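Chains here go by letter, A, B, C and D, matching the order in which they are written, and residues are numbered from 1 within each.
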Amino acid sequence: MKKIVISTGGGDAPGLNAVIYAVTKSAHYRGWEVYGSHGGYKGLLDPDELVRLTPEIVEDITPTGGTILGSTNKGNPFAMPVENLAGEVQLRDVSDRVMQNFTRMGFFCHIAVGGDGSLEIAHRFATEKGMPVIGVPKTIDNDLQATHRTFGCDTAVATATDALDKLHSTAKSHDRVMVVEVMGRDSGWIAINSGISGCADVILIPEIPFNMDLVCEKINDNDLHHKHYAIVVVAEGARAKNAEVIHKATDAHEVGRQEVLLGGVGEWVAQQIREKTGKDTRSLVLGHLQRGGSPTTFDRMLALRFGGAAVRLAEQEIFDHMVALSATDIIAVPLADAVKTRKKVPLDSDKVLTAREIGICLGD
Amino acid sequence: MKKIVISTGGGDAPGLNAVIYAVTKSAHYRGWEVYGSHGGYKGLLDPDELVRLTPEIVEDITPTGGTILGSTNKGNPFAMPVENLAGEVQLRDVSDRVMQNFTRMGFFCHIAVGGDGSLEIAHRFATEKGMPVIGVPKTIDNDLQATHRTFGCDTAVATATDALDKLHSTAKSHDRVMVVEVMGRDSGWIAINSGISGCADVILIPEIPFNMDLVCEKINDNDLHHKHYAIVVVAEGARAKNAEVIHKATDAHEVGRQEVLLGGVGEWVAQQIREKTGKDTRSLVLGHLQRGGSPTTFDRMLALRFGGAAVRLAEQEIFDHMVALSATDIIAVPLADAVKTRKKVPLDSDKVLTAREIGICLGD
Amino acid sequence: MKKIVISTGGGDAPGLNAVIYAVTKSAHYRGWEVYGSHGGYKGLLDPDELVRLTPEIVEDITPTGGTILGSTNKGNPFAMPVENLAGEVQLRDVSDRVMQNFTRMGFFCHIAVGGDGSLEIAHRFATEKGMPVIGVPKTIDNDLQATHRTFGCDTAVATATDALDKLHSTAKSHDRVMVVEVMGRDSGWIAINSGISGCADVILIPEIPFNMDLVCEKINDNDLHHKHYAIVVVAEGARAKNAEVIHKATDAHEVGRQEVLLGGVGEWVAQQIREKTGKDTRSLVLGHLQRGGSPTTFDRMLALRFGGAAVRLAEQEIFDHMVALSATDIIAVPLADAVKTRKKVPLDSDKVLTAREIGICLGD
Amino acid sequence: MKKIVISTGGGDAPGLNAVIYAVTKSAHYRGWEVYGSHGGYKGLLDPDELVRLTPEIVEDITPTGGTILGSTNKGNPFAMPVENLAGEVQLRDVSDRVMQNFTRMGFFCHIAVGGDGSLEIAHRFATEKGMPVIGVPKTIDNDLQATHRTFGCDTAVATATDALDKLHSTAKSHDRVMVVEVMGRDSGWIAINSGISGCADVILIPEIPFNMDLVCEKINDNDLHHKHYAIVVVAEGARAKNAEVIHKATDAHEVGRQEVLLGGVGEWVAQQIREKTGKDTRSLVLGHLQRGGSPTTFDRMLALRFGGAAVRLAEQEIFDHMVALSATDIIAVPLADAVKTRKKVPLDSDKVLTAREIGICLGD
């Protein structure tokens, strides 16, 4: 009987369990056995962390957030933080042990679900160790060049839009400016999609360095149209044109996503608006809310189709590739191509054009 | 100052107001005036039914269901039911009056938002009367060949999936079979998308005539896997292979969508399951719930982009075309091509394949 | 170590799992063991159907619909349908066997979660067999006299109100009358609460026999106020004043809730409106949607408090009582009192008065 | 024709529009005219800020957040910030002018919807100026002693619980501690209700000064039960037993609610957990999300009943009272009593007891 193993790596994204569901059921359909590796590659380092996945076990997981394969950030086997009994931590290359276990367990394929970090590791296993790997792309930021969409992003956008819908009424009732910081360190997909859907007045994305004066001009102009409030959406990676003024926030940024909570770019923008317009201005960081919750139907469908397609690739023995969405089709893309470049919001896209033409200020 | 007029026709779909929003704001951005025609073409028959649309008026409409342009099913100007004071109704061709008013009001473009019926009328106005028309496609069933997606469908699928999620727990608690009839007279998009996302055991679509014995076989097989319940999704246009047995339901069908409520194909399937498996089986018709509610972010984005693109086409004077989604781009498609054929669920698509491989019975 | 057993009986209601959670955790807190009886009393007839409940097992169940103790409608031990190997079914009194097993297993208390049927059985076990029983009231219809509220009802009302919100926009866009049939065979709690919250024009409840002419008068009056649509909420147990005219629907009713789907009172009302007003009228039966889904916070809180209070009663050995909400407190009520009378919507309550004064027609 | 005026004051709360709806419709039902005062008392200072409220105007507002009467924080007429053309601001007593306008416009009753601040002002108008005032209580914090519940709180709790549900899956997938700061400066209603419903491990409320060591003990204990994550809910007014250590956060607090975003008690608690347990810990401030959105059915019902009851009080000329919920009835309470004391979470209530017994740490 053929046996495959599946792992989930990197940050959490709604839809991970739907991929696991589809892989388990599609493999079962072919008479294969499926095993899940807990904690990324941990199950391939310690067989106690492998779990048999059956249709019964996965029955109800598709609508759930998170991943039943547990913690997803457990490091890179090519440079794994290893702790001894004295509590000392060293980085060690344990990739050979992973490969030995993979072979010893008799797996004929590893389906690696993850973002660009995880996919790059998968690609190294394919090329350097000869592991038959198939990738399933997952970035909540939708910033992988090789696929039109990744799952998780639609749910994150829905959560952010729902927050904007809620803030509208309260901003309007109090004549307030509400600044909402959403995810997106390098690309502004969540910001631009939720901002347009959620009727923001201003959307600031990493792709467009912003001019604070133009932002305030838009907010002041609202008053002329008897609209005494405004909604400002800021991607966490957005930066002012004049880099210096936002130096402190940038520092915080380098330490990691969480520090942003203590005065990231959203709060900085709010302070500037408060000072320059005199308007009552509040900021809010949506943070991990965007990673949680039941996946939208769009994300469930995409995740299930990705899972089904990954098993078909395994059957056809097309390894070192990842599944991807191209228009309405699922295709296979070489992993080598997949991890090359990040997908930015194209400034000449009709989305950006539409944003401008329906009166949204993009800070430039 | 340039003036345009926008109308919404045919059945209700979440996202109509987002189109109106984007058209109003994008036209305002260009310094044009925008007018909305109440009740389809009614505003072009009676100027009292025209309403000036300004940014202030449309400010809060994007997240709302329905259409601010009021009732959408007010007939075809080429064969309009006209009632005299005695209450007698006659079909009359009032298309010339529509065209005269259009000219007299000084409109330079008509943006017609509608399904294939409305788009066909728009195309006739373009070719027979010389009206500069731009179409915006709207079918909740997603069955227009010329565009990858139409707005409204994602919201309908979300509503149906939410219903399936709710029915799962109650079906499981009572060892029941739940049959859910969803929209889709000629194509099974809503059924296949909500059924896969909502973890149905059986999905019956118009594209695949179903064999009731295979459906019951799947439901009985569930028992073997300690799953004593089942969820069955039936598109309203699904038909059994043996056409005769469902004759009565088909008759009801011909009279219109609403009659289906009184014993449509969903209830027929439920009765068959009850008889053939002896299981406690209930049926439910989602009906108009699928047309209502706030549009999902996917539908809002698509509707806003369609609205923005329609105004850009108007600016470029590309008439007798409709906007459409092609992969990730908005394109212009000749109206003549747009209304030719319905888009069916392709039986060789990876969606259908995935459904089968994750264990869903499609009735064949 | 003390051991208790919990069972859930009767129709499904959101919040059952929250009761199980609170009972399990509160008992664990006291060092007791908790067992769940699958399928109502089935676990007390066959120990294989008993399941050990631990904090780990119940960890994630509070937000989920249904009941982890499986099918809830498995009969009354005082008159249990028993099937022999030849498939013949007889009603048998197996209550002594239940009591023997209860004693043999060493349980010191049975927490019975259920509606008036289940509570009556529990009361018989207490008085006739000496079983130390504590009841937790559950009726989605909120019709138990002895408690101000039961869990499940708030979620059902929320689902119905959400449906009404969705139907508003589509009714308005199409100038339609939408008739929505909701649960409530003997009392109109779900209808009156969802109807008022969801801005219905007409609400018909079992407590007020309705006059169809007054209903149509209200719908016609809407036209005078430029409101060309209407929303009508009908409890499944609502009846016209002239009982004869609705005879057929009543027959269907007697056979059970499901038959109502095929032309219950909702569709009958819709037909009458269609005939008498000439307006385009559609009907919809919400059915089991109202029993499913994640409980609202109100229902979660009430269910958790009920579960906690039941364990405190067990500790104090106050048996043959049920927990109940009185204003903001949880109290204990003798089971004998609990099952005496159904709680109707009081016609002189401020809710009914408010409904009338904000312009809702109650059919009288 | 009798004329009444309605105002909404203080912070935003879901349900305000439902009160306005019920007041307008119930007054219309009696043949009265209704006027809304924009911006709290602004409409009684400047008649241009009065708006006629008709059934047509309020038709669709019940399900919406915010208030159609615009900005709610426009000051106290007994000490109103008044700005001259030079931009200088002085506090002035304009209460006589309010009373003169009230009389001049011919209003016979003022329905004042607001929190304790607004109700106190209303009471002063009643006693000092002889204004016939009826109060409708509104505090999202549910902290008014004189009524069992206020509207808005259930929606805020629902929003917070929804956030906790979302964070669970992501906390579990990443072995993280998530600290969520919710509203509640003086009372912990939102924290205790959402924390219990949302399955938090720790809930910190203003009523119970917390011991950080006990909090960390609970989080460490989770690991023993194979639960490597935790959810901590902190009311913004919660304080550590040792007051000094949280001094900085307290300072920030005094400046106003918004400053808390930059390192309030939630972030302080997160830092402590990070240091003392070594666990990956993130904090999130829900802030204004809790004030927005469509009211839950519970809040809609309560708000509509309050509005209806207020008009009945006006009819009976019972002034200087406010409407209140007592168990399941709406009663009238003298405004003098209403504003006396804040309602705290009673530490001996079954809610608090249940929280402890289902294993939640309350920090003591």
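As a working rule, contacts are C-beta pairs under 8 Å (C-beta built on N, C-alpha and C of every residue); 3 or more make two chains touch, one makes a residue touch a chain.
Since the structure is predicted, the reported quantities are computational estimates derived from the model, not experimental observations.
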Residue-number overlap at the chain B/chain C interface, same or different (half cut): same
Angular offset of chain A relative to chain B [C-alpha, multiple of 5 degrees]: 180
Chain whose mean Cα position lies farthest from chain A: C
Cα-centroid distance, chain A relative to chain B, in whole angstrom: 31
For chain A paired with chain D, centre-to-centre distance based on mean C-alpha positions, whole Å: 35
Inter-centroid spacing, chain D versus chain B (mean Cα positions, whole Å): 41
Chain B, residues touching no fewer than two other chains: 165, 168
Arrangement of touching chains [line / ring / star / complete / other]: ring
Interchain contacts, given as pairs of chains that touch: A-B, A-D, B-C, C-D
For the chain A and chain B complex, residues of the former touching the latter: 21-22, 25-26, 28-30, 55-56, 59-60, 62-63, 148, 154, 157-158, 161, 165, 168, 193-194, 196-199, 225-227, 294, 296-298, 300-301, 304-305, 307-309, 311-312, 326-330, 350-351, 353-354, 356-359
Chain D residues touching chain A - in the complex, by the definition given at the top: 11-12, 16, 64-67, 70-73, 159, 163, 165-175, 178, 228, 258, 261-263, 267, 282-285, 287-289, 291-293
